[in-house]
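Okay, so here's the structure we're looking at.
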Amino acid sequence: MSEEKLDATIEKETGHKETGRIEAFSDGVFAVAITLLVFDLKVPPPSALEAISVAGLGKALYQQWPSYLAFITSFATILIMWVSHHSIFKLVDKSDKPFLFANGLLLMLVTVVPFPTSLVSTYLTTPAAATACAVYSGIFVVINLAYNLLWWTITRHDGHLLNPAVSPAQVKALTRNFLLGFPVYLLATLLAFWNPYITIAICSGLWIFWALISSERIPVTATSLESRM
Amino acid sequence: MSEEKLDATIEKETGHKETGRIEAFSDGVFAVAITLLVFDLKVPPPSALEAISVAGLGKALYQQWPSYLAFITSFATILIMWVSHHSIFKLVDKSDKPFLFANGLLLMLVTVVPFPTSLVSTYLTTPAAATACAVYSGIFVVINLAYNLLWWTITRHDGHLLNPAVSPAQVKALTRNFLLGFPVYLLATLLAFWNPYITIAICSGLWIFWALISSERIPVTATSLESRM
Amino acid sequence: MSEEKLDATIEKETGHKETGRIEAFSDGVFAVAITLLVFDLKVPPPSALEAISVAGLGKALYQQWPSYLAFITSFATILIMWVSHHSIFKLVDKSDKPFLFANGLLLMLVTVVPFPTSLVSTYLTTPAAATACAVYSGIFVVINLAYNLLWWTITRHDGHLLNPAVSPAQVKALTRNFLLGFPVYLLATLLAFWNPYITIAICSGLWIFWALISSERIPVTATSLESRM
Amino acid sequence: MSEEKLDATIEKETGHKETGRIEAFSDGVFAVAITLLVFDLKVPPPSALEAISVAGLGKALYQQWPSYLAFITSFATILIMWVSHHSIFKLVDKSDKPFLFANGLLLMLVTVVPFPTSLVSTYLTTPAAATACAVYSGIFVVINLAYNLLWWTITRHDGHLLNPAVSPAQVKALTRNFLLGFPVYLLATLLAFWNPYITIAICSGLWIFWALISSERIPVTATSLESRM
């Protein structure tokens, strides 16, 4: 078969297979990144305890509450991001270079999350809390931009990567959803310098909000649907 | 295709595909979490050895026995949890939002396990052992609650997410199984303040017990079955 | 459908699906464990350098050669173990409880490998090398036993879990292969107390030997074969 | 079925299945290795701060810029490597022992990347920068050699492992591509001793270059194509 024919056949026959493979790799990265958050929970070293006693260890564990708060917020946020990532891939049928690299950028930012999480754990109860919380929230600003970029690489050219069954109304709704996060995370970042706890509260509030508004049923991949029809 | 028709077709055609995807992600998290337990096994630093000699290193390694005990108990417990997780997903055909978030909560708690494991390793032979063991066992109390919550999201509304081939007797048996763990782990947690070793013994005993009672053959996914019939 | 009929249908229709799922989980654990070995390679802290200079860092990196040796040996050994694990699963058609738990034991031991690897890295050039190398090789003795146990759970009862297409000659050849590793690793463990470098040499030699004797083509899963016939 | 017949049937029926399994394992290793890079980003310990204040933490984070640079460069490079790895596997139909071990060598080197990344982060702004950067770039020289070795195991014997649909022109183009990286990374390694920043600039430049030249559409696996024709 000539190179050109091979390419043409591939384009026609197996275009959506490729996104499945990118999705599987992305899932692996999400799964590892979300699990690495546990390293944020540190065993208090015996030397750091006032007294090595039942009460002493209990108190030391209690004083680590910023770690627990940061861990839960980050875990929930990455989980929501994973759901969003799937929501996007479900509607996509083809893949091109800009899409691939926008996805790579997104994955890079997702793997970074354990770092600001650890920053908040360490500094939330210190005078440097504002910096830690601004960085934390700032990462989510950038992640939101990466989601918008990814979505743009799909929907430009009249949605040339989209599954044909996806309606313009669905595209519009998702575009609005992705744009929404930006101002809220930006506000959370700025408010860190006024009150760092507000920043964490907004970040926590956002994933609770998203959990509530996310559609009751998770839509199924257009790809798997198409292959059955 | 209109948005409504797309959704309807999806619901009819590919409903159980989605749980497959959630299961794959969950498996990834379980696999990473269970492998991260190894970080609980720490190489004794040369500075901590009485003498850097064959006997000195041997003694230092021997004194780390609480690490080995905690590692084995946690590894076996996560393995059993993974088997339970599959047992659940095998019976499930559809997915909705409460199910998705109950599963997310469960995964979060599973990834936490290396933390209390490390706590027990560090403090089992110190006067703070009770706190460490109570936290260790306490995490399993909460994980048990998460399993019961997940199972409830499936079986409520007359088992609206269950595969129709699953019988009420099977549901009843599993409900009883999941409820069983709660009082035992709670007892283990409370007993930590009397004797921490009892707590570890109960936790170890529980996974041995579960290994023994688990059905001889692992039931196959109703999903894969259905797709062949 | 009654519970009994469901079970019977499952047994007939989808028996080998289950091993596929166990295999996927095992692959995840192997992939994470093999990647975690990199934590054995430690950046020399600036404070540990004689002089922070091009030559100083070069010398410090050079002195870490036991880490590189241990890393390469462990990586290659886990890779060979992964190949062996697949060789086994390719011949297996069904799954039962002893098989499942023998596999779990094997996975636990595989995830442990980064620990003795780190031990060898730290102590190979110290007077405690014998202990470190004996533990290192000793883990492989136990892993070999776990492989033999796993293989026994498959082949007992006239190979009740084996794919019917597997010939007795193949079973015999594999049984011999798995038994072979035991005396060699045991010898390597004992020789550590005479000369630790011999132990590492034997461990390295073994994976090179296995790489050479492993069949030129990797046999394909009997399962996937059967499903096509 | 006799052993010989089983083997013959396997060869004919399911030859390309095996590469799918190796690819899945490789993907797991790539996903874990790329996610572990985040450990290169370290939270500045409170004790290392001039003052625990908003500005103090800000400054400490700013001074870690070599970490961010090394993280981004390594992430992007591993991502490009993953794309290359897929490009190769897409054209491969069968597997043999040399191919399997060349792939294992490649995976080992990929998992190593977090180590030199950390080395650059720690030493880029010190007098030992040349050594760190030479090691960093040197790893990519060796990885490039491993890619060439892998490609050679596929294309030798008139491309005996290649999918028959792949044209000689495609093989030639890829051979040239893989050879190209060698002199550039070698140059980057040598230039480290003149100016370490040039080394990092070349390494960053290379992945940007590769991102740009990589074909607009990712070619689909010949395997999945064939199975549909």
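Chains here go by letter, A, B, C and D, matching the order in which they are written, and residues are numbered from 1 within each.
The definition used in the following text is that a residue touches a chain if its C-beta (ideal position, glycine included) is under 8 Å from a C-beta of that chain, and two chains touch if they have at least 3 such contacts.
Note that this is a predicted model, so its numbers are computed, not measured.
*Asks:* List every chain that touches both chain A and chain B.
*Replies:* Expected: no chain.
*Asks:* Look at all chain centres (mean of CA atoms) and spot the one farthest from the centre of chain B.
*Replies:* Centre of mass proxy via C-alpha means gives D as farthest from chain B.
*Asks:* Given that chain A and chain D are copies and touch, would you call their interface same or different according to whether over half of its residue numbers are shared?
*Replies:* different
*Asks:* Provide the C-alpha centroid distance between chain A and chain C, rounded to the nearest whole angstrom.
*Replies:* 34
*Asks:* From the C-alpha centre of chain B to that of chain C, how far is it in Å?
*Replies:* A distance of 24 Å separates the two centres.
*Asks:* Two or more other chains touching the same residue: where does that happen in chain A?
*Replies:* Correct list: 28, 31-32, 36.
*Asks:* Which of the chains are touching one another, listed as pairs?
*Replies:* Applying the touch criterion to every chain pair yields A-B, A-D, B-C, C-D.
*Asks:* Considering the complex alone, what residue numbers of chain C touch chain B?
*Replies:* 1-3, 6-7, 9-11, 13-15, 17-18, 21, 24-25, 28-29, 31-33, 36, 95-97, 100-101, 104, 107-108, 111-112, 114-115, 118-119, 122-123, 126-128, 130-132, 135, 193
*Asks:* Considering only the defined contacts, which chain A positions touch chain B in the complex?
*Replies:* 27-28, 30-32, 34-38, 41, 43, 45-46, 49, 52-58, 61, 71-72, 75-76, 79, 82-83, 86, 165-167, 169-170, 211, 214-222, 224-225, 228-229
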